[in-house]
Amino acid sequence: MNNERYQQGLDKLTEYTLNANEETSTHHKIAEDLEDIAPDIGKYIIEFAYGDIYSREGLSNKQRALVTISSLVTQGREPQLELHINTGLTAGLTPTEIVESITHLIPYTGFPSVLNALQVAKKVFNVRGVTIEKTAQATG
Amino acid sequence: MNNERYQQGLDKLTEYTLNANEETSTHHKIAEDLEDIAPDIGKYIIEFAYGDIYSREGLSNKQRALVTISSLVTQGREPQLELHINTGLTAGLTPTEIVESITHLIPYTGFPSVLNALQVAKKVFNVRGVTIEKTAQATG
Amino acid sequence: MNNERYQQGLDKLTEYTLNANEETSTHHKIAEDLEDIAPDIGKYIIEFAYGDIYSREGLSNKQRALVTISSLVTQGREPQLELHINTGLTAGLTPTEIVESITHLIPYTGFPSVLNALQVAKKVFNVRGVTIEKTAQATG
Amino acid sequence: MNNERYQQGLDKLTEYTLNANEETSTHHKIAEDLEDIAPDIGKYIIEFAYGDIYSREGLSNKQRALVTISSLVTQGREPQLELHINTGLTAGLTPTEIVESITHLIPYTGFPSVLNALQVAKKVFNVRGVTIEKTAQATG
Amino acid sequence: MNNERYQQGLDKLTEYTLNANEETSTHHKIAEDLEDIAPDIGKYIIEFAYGDIYSREGLSNKQRALVTISSLVTQGREPQLELHINTGLTAGLTPTEIVESITHLIPYTGFPSVLNALQVAKKVFNVRGVTIEKTAQATG
Amino acid sequence: MNNERYQQGLDKLTEYTLNANEETSTHHKIAEDLEDIAPDIGKYIIEFAYGDIYSREGLSNKQRALVTISSLVTQGREPQLELHINTGLTAGLTPTEIVESITHLIPYTGFPSVLNALQVAKKVFNVRGVTIEKTAQATG
């Protein structure tokens, strides 16, 4: 039954949004915004993306967040990147892991995607009030 | 000095290729193939990609492999994907983690990229003689 | 003679813009904006895009608008998407056909492109004062 | 219940493959090929892509095929393009509509994507033994 | 009149293909291959791409070839890249200029696009029997 | 030693920014902006992009700027395009060469990328107070 997948998706989404009201509301805001022209979109995100895919075994929430962020940096999809850096932090990625993942992509996507993504990360970190652990960056 | 970065890159690359002669030779084969028209390319891959970027702190080798694979699936760059599924296995990713990472991308890239990438993964697994752990897939 | 192709293109463009002064002016505004640095661009759009390509037989105006919108959603080119959702409406696509075409792309491009495109569609529908036919969406 | 979505997807897929054993087997072959490493992929294609998305109201099968082909030409995903030119023909698109849709994309994607896609179309038409209606092309 | 643009395009194309029968036939082969399904494509390439665009003032043939190659490397469109490395050589680009242009893109597209493009260049150089000037590469 | 590559990169960057305080500060502003979350990024841009790649022989600064702009137009990366149209002007490209390079890409990327890029160029030309040489455009 769809409701079971919907409930599973909603539970999973909560794991990515529990401690941060802001981006929970972002997910709900996306669905609400499109309620009048595409009411099923929110349902597909919960049921299919979170209920079917994110709920699979074999990867941790942190790993899923890392995969998602890597794809969005590569695509240059910045509105979604902002959302998923937020959910990544909630799922347990540290700011350093996020910055390092983006930096790691320089040899695979070039500098422009990486520079744009780092500015999105900086913005999210500022809003969340989190900071980079200094030692991990001391590679100069 | 450049030699220091080159040595650091070579050491790091070895961590991704230690147990698998095949893909080590793939990295060297790329450099050799281009020796006569672009002799510096191999040097940049070792010094910059592996010496500067892969050698940074803050992410494990497994995490770097996950980020690389996610980007290459998203770009649809299959020759490189084959190489990096190989290095990912050597770096410690399980076949299940690789398959799940690719599957996780369906909501972010659609099915075509994912189907093509899974066929590359299947080919690499066959060559390496590795198999998927069945339980992790038993989500049906 | 060029003038013949130009006239044919202008006639064809009018079919996509007849009932909506706004997006006609958008096409003219693009050409005007670039008049001082690239005066031939407007000519190529009229002569080649509308005169040669859009004027071909074998597809209806509605079908051409559908193909154009599908490509622009896939590319994530939102300024142009806004223009072509406008011309698509003028060419006879219903709001539901436009929303369904965008939604149909989820399996081929993933959610991010689709969500961004639906927000563009919502904005255009609001400006044009058109609404989705409720019954077609009642699939929940 | 999932089985209901699966059945709905299978029924819908049949509408795109009824008269052409070849591409039905292609869809099944994709699922079978990945059975040992990603057994759920086939299920998601049937349940989500065909059961949820293709089964929506508001667009005809022909329109859905047109949208799919336009996206795949734009992405340059040729293995999938071959499959969906096949399903498009079965869904009722004429060879001319397919060629015109691809040609229509020149102003939006440039010539390279279009030339590659037309060669895929030619190959599919040859295998299916279908030909272009000459009059529709007589625009020279 | 179209014939004038066609003639201008044909003359311009000859500047890119004069000394190399091989890639001239490649351009004609593309048009011939598609003659039965899309007879106007060859005309658009000659009239619009070569007659309108390549025939513009303000850039040399060598510069146009450089721009074309840079775009095709970035897009990862290798069949077309092969053709345009050929026409670039005929237009006067040296093998070193071609290799350096591709290498220059590492910071903008990452290594994968560049490695794939260099292998295409190597293949074309072999077929044409041209070699890299050694001194220009002696940057190690 | 890294300092040597850094100095070489800084010297090379100066060749692209000497006469225009504005975009020099842009390069420094990017590094400064990311200082607190990714302090090595600025170093990699100077050492690798400008020190290793831009400092290679075989292409003039103008040619490198042309290759960079062509790639960024193709990728649709407009923030970076603005920066590199600026550095291209400083490196010696004329406004006409820049506009013609962008226009030349219509057959390879379609109109949308080109139209967006021309608006970026127009904005940069306005800020720099440069204008198109009229005769070069008189192709109508």
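In this document, chain identifiers A, B, C, D, E and F correspond to the written order of the chains, with residue numbering beginning at 1 in each.
Basically, contacts are C-beta pairs under 8 Å (C-beta built on N, C-alpha and C of every residue); 3 or more make two chains touch, one makes a residue touch a chain.
Fair warning: this is a prediction, and the values are worked out from it, not measured in the lab.
A.B. asks: Once you count every C-beta pair in contact for both, which comes out on top, B-E or A-E?
C.D. replies: Taking the two pairs in turn, the one with more contacts turns out to be B-E.
A.B. asks: How many degrees of rotation carry the C-alpha atoms of chain D onto those of chain F, rounded to the nearest 5?
C.D. replies: A turn of 180 degrees brings the C-alpha atoms of chain D onto chain F.
A.B. asks: Of the pairs given as B-C, C-F or B-F, which one copies A-D, with over half of its contacts the same by residue number?
C.D. replies: Going through B-C, C-F or B-F one by one, only B-F repeats the A-D interface.
A.B. asks: Measuring between mean CA coordinates, which chain is farthest from chain F?
C.D. replies: D
A.B. asks: Chain E to chain F: how many Å between their CA centres?
C.D. replies: Chain centroid spacing, chain E to chain F, equals 23 Å.
A.B. asks: Centre to centre, by mean C-alpha position, how many angstrom separate chain D and chain E?
C.D. replies: Chain D and chain E have C-alpha centres separated by 31 Å.
A.B. asks: Which residues of chain F are in contact with two or more other chains?
C.D. replies: Residues 40, 44-45, 48-49, 56, 72, 75-76, 99, 103, 105-109, 111-112, 137, 139 of chain F touch two or more partner chains.
A.B. asks: Give every residue of chain B touching chain C within the complex, in rising order.
C.D. replies: 105-112
A.B. asks: Using the touch definition up top, name the residues of chain F that touch chain B in the complex.
C.D. replies: It comes out as residues 1-2, 5, 40, 44, 48, 52, 56.
A.B. asks: Could you pull out which chain C residues touch chain A in their complex?
C.D. replies: Touch residues, chain C against chain A: 76, 95, 99, 102-103, 106, 111-116, 118-119, 121-122, 125, 131-132, 137, 139-140.
A.B. asks: Could you please specify the touching residues of chain D with respect to chain B in the complex?
C.D. replies: For this pair, the touching residues of chain D are 30, 33-34, 36-41, 43-45, 49, 72, 75-77, 79-80.
A.B. asks: Sort out for me which residues of chain A touch chain B in the complex.
C.D. replies: For chain A paired with chain B, touching residues are 45, 48-49, 53-54, 56-59, 63-64, 66-68, 70-75, 96-97, 99-101, 103-109, 136-137, 139.
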